Amino acid sequence: MKKITEEKLPELYSHISQNHDLFVPIDQDDSVNFSLWKDGANVNFDVLKTNTSPKKYIFPQCETFFNFKSEGKKLTIERIKSEEKPYVVFGVRPCDAKSFRLLDNVFLSEPMDRLYEEKRNRGIIVSMGCNEPEDTCFCNSFSILPNSIQEGVDVFTLKLGNKIFWEAISENGVELTNKLSDLLDDVTEGDLKEIEIAKSQVNEKVKELPFSNIDPNEINRDLNELFQSKIWDEISKSCIGCGSCTFVCPTCHCYDIQDYDGNKSGERYRCWDSCMYSEFTLMAHGNPRTTQKERFRQRFMHKLVYYPNNFDEYACVGCGRCVGKCPVNMNITKVIRKLGGENQ
Amino acid sequence: MARIGVFVCWCGSNIAATVDVKEVAKEAAKMSGVVLSTDYQYMCSEIGQNLLRNAIKKEKLDRVVVAACSPRMHEVTFRKAAELAGLNPYLVEIANIREHCSWVHKNKDEATEKAIALVRAAVAKVTLNQELIPGEIGIEKRALVIGGGIAGIQTALDIADAGYMVDVIEKTPSIGGKMAQIDKTFPTLDCSACILTPKMVDASMHPNINLHTYSEVEKVSGYVGNFEVTINKKARSVIIEKCSGCGVCIEKCPSRKTKSEFEEGLVNRKAIYTPFPQAVPNVPVIDREACIKFKTGKCGICKKVCTAEAIDFEQEDTKIIQKYGAIVVSTGYDLIDLAKFGEYAYGEDPDVITSLEFERITNAAGPTAGKLLRPSNNEKPEKVVFIQCVGSRDKTCRGKTYCSKICCMYTAKHAMLIKEKYPDIEVHVFYIDVRTPGKNFDEFQRRAVEEYGVNYIKGMVGKVFPDGDKLRVYGVDALSGDTIEIDADLVVLAAATKAKEDAEELGRKLSISTDTNNFFTEAHPKLRPVETHSAGIYLAGACQGPKDIPETVAQASAAASKAIILLSKSKLINNPCVAKVDETICCGCLECTNICPYEAIASTIIEYRDHGKMIKKLVSEVNEALCQGCGGCTVTCRPGAIDLKGFSNKQILAEVDALCF
Amino acid sequence: MTRVKVNPSNRDKEISRIIEISGENIYSCMQCSKCSASCPANSEMDILPHQVVRILQLGNYERIVNSQTIWNCASCFTCGARCPRDIDITKIMEAIRLTVIRNKGESRIDVDELPEKIDDKMPHQAIVSVFRKYRK
Amino acid sequence: MLLESKENLTIDKEEFKPLIVAFCCNWCSYAGADLAGTSRLNYPANIRIIKVPCSCRVNPNFVLRAFQNGADGVVIAGCHPGDCHYSTGNYFARRRLTLFTSLLNYIGIESERLKVDWISAAEANKFATVMNDVLEKVHKLGPNRKLRDVRWKR
Amino acid sequence: MEEMISKMKKIAYEDLSTKKVDRVIGFGKGDFIYEANPIFISNLEEVDLLVWDLFCVNNLSKYLINELKNYQKIGIFLKGCDSLGFNQLVKDNKVDPDNVIVYGVPCEGMIDPNKLSKKNLLKDLRYLRRVDEKLIIVTKQGEKELIAKDYEYDKCLKCKHPNPVVYSELLESNTLRNSILTDDFEEVDRIEDMNSEERYEYWSEQFSKCIRCYACRNICPVCSCDKCIFDNLDIGVSGKAKVDSEDQFFHIVRAYHVAGRCVDCGECSRVCPESIAIDKLNRKIIKDITEIYGEYDAGLNPSKSSVLVNYKLEDFDPFETSKGGK
């Protein structure tokens, strides 16, 4: 394990950016989002929840499959060549790190998603533990501890005071760490103790959080019963059908495929879609989900029932972004509770 | 996939000299959907059209683009040609490569490039064109004439003579209008009543004419060929069918305090009255505001004396709803109020009168039995001053900016009438300009000056100053620069004409527009002078602008012939490029109904089945017969539910895209 | 009578100034002579108000400035109130008078001399307006 | 002003050929453009006209699409207020476009790039003048990159 | 506040039990002190869930569209800004006012949890109340007195109609705020003062943040189309790609579609997960309308047609270069 002081971080950033695109949480106009690091950027590790999740680096909101070109009446298809430059996402919280794994389940199982795979392989994930969970955090409900090292991360970091502890996890992580060795110091015994204390403290804090009693395992996962439940009528009432929960969610992964006709050339692209939208699942004959209740139900059945049925994990990591962003304060915690997912 | 044929016209050298037509045709052939692309010297010629027709048949073209002159020139030609070849005419588009290209650009490369772009846009549009079939609408073979003056009477007689039913609505108790008030007519000085009364009688006797006097238009809905009009027939309190017109009721009526409208307030009339002896119908009406019976409940003398038992105090307003194919508006004009012209002392001194009051005074059937007497003392005046342009050609808020057109002639007439009866009376006319265009008009005015010795003074009157028995008129002769003072006995003001106060309101009911002076607007000032922008509604007489009698009658017959042309058709074909609503998208906000100038969009409730449940939904609905295809509604519609056939959102976007090639 | 060159389109500098100062459109006049007929001072005038306007239209500034009319105008505003063409002849008269005065330079006050002239009676607005006008 | 600009145009012609999309109402401005043709008045070939029934048919979407796809300027021309063939169409268009042009300007689109004018069927000269004027101003501004859809290839 | 809650409960209980209404839409308490949620009540037992506090920021009126499909007569609590939206829904024929009983609630201004959070006041917040212009909060650390204005939603600071403009019953309150009728558009002026390049940069940056979640549209009381043009790819005006031109297109067209209809409730900006200054577009149009066509009155009178479906002959004409000649 290594460490670096906060003051030296810019040096670390510029070092990493020499060979990588570096993405870090950057504060701009009072809102923090993962963005490309540039010299002088206002990096902010104090805010736990970036507006949108870092999933956009492995599953961008919009990406092109291929271009097509028409000359006269001839049509030619051109595959998109992948960018070679590797990237580093620095500051991925354990919940978001977990979400990458959940997306892997979908995109990296057969049939493989090449675009996803390419992006996933090109990236180095530098995770960062949390010390001060927020009211809206409920990662614990999905057995994600705020300081846990999630599977698939390359480096795990922890910020305590002005020290950032740095632990290489994967081979890629070791390689990156080696490149940065000039900037990183070794940790002391005292440091390790400090880490231990911090970890146990945060685990206690998590138990005190408002959502700590949420437990999706308490939900009776009888598909038919849940699907037919009257509860959906009631809890979907206030949903206004926007896609903010979906688009800030680190685990949502539905997309739409569209063509753009750009005159002499066009492209086929995919873009995030939301099951909350009225035209989601629109087919030639019409739409099987005609009301917001059905769309609402779909989103949460997917996260809490369908996905777990396939992968034995919930498609939610308790990051709490949707809790903060929903215009009408409806969110998955309320749904879980209504469905009985609560510890007494 | 569409099978589009592109035909590039040379227009001799008109296009070919500046645009490389071969190149255009070559490029067009590469465009998506184009299966045939060719050029020809004169596409509009017989041979050119044959080329088009044969190609449609031989190549099984389902869409055609002709790159030629403006669609305003030959769109119809090529669409007809396509139709002859069995293609729906609306599957033809024109690329305007002459007026918009070869004639305005000099550089051949640039012009050719642009011509290709214009063809590309036309191809892009035509790909999205759909077959359009004009609708047909039936026509109600009945006309409505609003206003029963000379214009309305003439229109009604003409239409009735053509064999169609006509209803005439007149607001006052009798038809006749302003012309009935007038004594003599210029330039022939024949008696107005003598020529008008027979026409009034004709109208009342005509089997095809139905008079609704003392009635007003309440509501108009529908569209050309199928108007539905609600007429409010005000309670006359006298049963027309029973009344014999004996006049005893009028004679016995004790109420005598109301000023006579027909006599311009110079004398009073009874509460039960006919406006004038020759009134048509010659049936009295009870003015309920003046009638003692209605005011106090006591009286009822008229009912007692009426042997025909025609008096009915209980009568109520009745509504008549009738369908019409055509409407002619002939509501006439009024004179402006002279209250703002304090310097002329009108209303202050009884001897200052308007020209219309003068008509009554000089009329043999008028209050003075035709004798020229001063209203103040019933004595013969010695000096009479006429002042023209009182409020006409006046840019201020006091008057009207336009020339009232009739004043020069009737003032000359009045002056002449005085001189004829009383050669000893001195007559002075103040004028700014004398305007007498018209057959025998200038000769008429000159006769007043040269033969009758009327003193015309170019200049205006600054003040009319009542001075004891006399009216001191201060004026100026602009030509000599002399200031003039006349001790007059009678001053006659040629007040400006104006549109009827309620013209705008009627215009709204009919959806026809009025100009800044509230005269109804014709569809085109030169070429469509009696039509309005609303199909099936025509204008006659002074409601469209100041007019004299000959012009009014001419326009009335013109409006009648337009109405007859319409009524004589068995069906109307409407423009198929109209708006249509996609009910599945329409959100029922009905904003589109607010902007439609033709009230062609209405709301309706549709029912549809959704998951086994019947759902009612409010949506807009376009009446294709009323829609003229402006497309304003399409922009108002946020979700894009209402679109315009022939100029759809997708078609225009395709054109934009094609031009940005 | 003197013979004048008539060229109404070529607006004389002075005429343009009169139009500018008065803010009235002299070309709106159609010579109805209502102003002259209404004028209480018309008997004292050598050129009647409507003729003044006509002469201005013709561009004969000399004839106007040499007339008595402009000085005999009582500025009663009757002409303007009655003019059917919405021309305020009083303002034109005043504008003509101003051109005469200004051409003599009489209405100009040297700003430097101003402080001496200021006394309690002078309205402040007048001082400000002088500054505004002649600052440049 | 105009003469000067024409000189400029010839100088820069090679480098920048602006594309102007003009929406003309069928009854006045399109006819005005026709008359410009009949009168052999000259205006630059970069102006491409789309016929619409009335200025009130022009949806702001069309304007945006033109800018997206590479138009350097857009013209909307209709009958003079009061002369609308459909009697009131251009009054609505006037309000819509007053707000829309102002909104686009607020977003940073130079006001010279979206020109609205009233051109009657008789005003061939005005048509040519307006088109020359728009082109001159757009030329001065240079190619438009704002609102541009990078995927649209010209 | 407590007084208001009891009034709300009373009227809801009364109207539900007398069958004057068969549904009540109001606010219920959320998971946090700083959270209030829309609740839908049909049973008398649920009336007790009604709350009124400084976080009842949502406009409930848009729920009427769907609720009226299933209920005959609905009682709804509306604040000043909500009532403007309600009127607009009536005008757009989305809601039949005969089937609605509006309980008007005067509003003191709502508190923005984000502003509290920025000052670290959200954590361990136990209690909070407003006394006139003061905000009293109690946290673990004890009681604190703050200036309420510093913590109100931006939209509340500019509120013109704190009191409902339409209601069947007004729940009177002694903390009535006055309507502020002057509007300075200071934030619009600031953008107008930039040159066109700066403006474009500013807006490009704003728009590029957009994730197209459509929260701004869906929360908007005047965006009530059954099928929004942006949900209808078939119409061919816009796609779903995340490219600048599409984002710009969406925001320009959204603003234009609410032109003259926007009730300036500021909900669009409040709900934007990316904090895009959406209301500055709306307010630019409102400013233009105010300056050109007179006082802006969207939402005040549902029977009056909006600016863009109206005209006057003498309207300001920014386009006329020379008079035409027929």
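Order of writing sets the labels: A, B, C, D and E. Residues in every chain begin at 1.
Basically, contacts are C-beta pairs under 8 Å (C-beta built on N, C-alpha and C of every residue); 3 or more make two chains touch, one makes a residue touch a chain.
As the structure is a computational prediction, the values presented were derived from the model and not from experiment.
Here the chain-to-chain distance from chain C to chain D, counted in touching steps, is 2. Shared contact partners of chain A and chain E, listed by label, are B, D. Comparing each chain's Cα centroid with the centroid of every protein Cα atom identifies chain D as the most central. When you average the Cα atoms of each chain and compare centres, the chain farthest from chain A turns out to be C. With centres defined as mean CA coordinates, chain E is found 37 Å away from chain D. Centre to centre, using the average C-alpha position, chain A and chain C are separated by 82 Å. A separation of 70 Å divides the Cα centre of chain A from that of chain B. Of all residues in chain C, none touches 2 or more other chains.
Chain contacts: chain E has residues 227, 232, 237, 241, 243, 308-310, 313, 326 touching two or more partner chains. Of all residues in chain B, those that touch two or more other chains are 595, 636, 649, 653, 657, 660-661.
You'll find the chains touch as A-B, A-D, A-E, B-C, B-D, B-E, D-E. By the touch rule above, chain E contacts chain D in their complex via residues 188, 191-192, 196-204, 237, 241, 243-246, 248-249, 252-253, 255-256, 259-260, 281, 284-285, 288-289, 292-293, 307-313, 315-326. Across the complex, chain E meets chain A through its residues 30-32, 35-40, 58, 62-63, 66-67, 118, 122-123, 209, 211-215, 217-219, 227, 231-233, 239-243, 267, 270-271, 273-275.
Considering their complex, residues 70-72, 96, 98-101, 103-107, 110-111, 113-114, 117-118, 121, 513, 521, 533, 577, 595, 597-598, 628-632, 634-636, 644, 647, 649, 652-653, 655-657, 659-661 of chain B touch chain D. Of all residues in chain B, only 343, 389, 391, 393-396, 398-399, 432-433, 458-463, 474-478, 481, 483-484 touch chain C in the complex they form. Touching chain D in their complex are the following residues of chain A: 260, 262-267.
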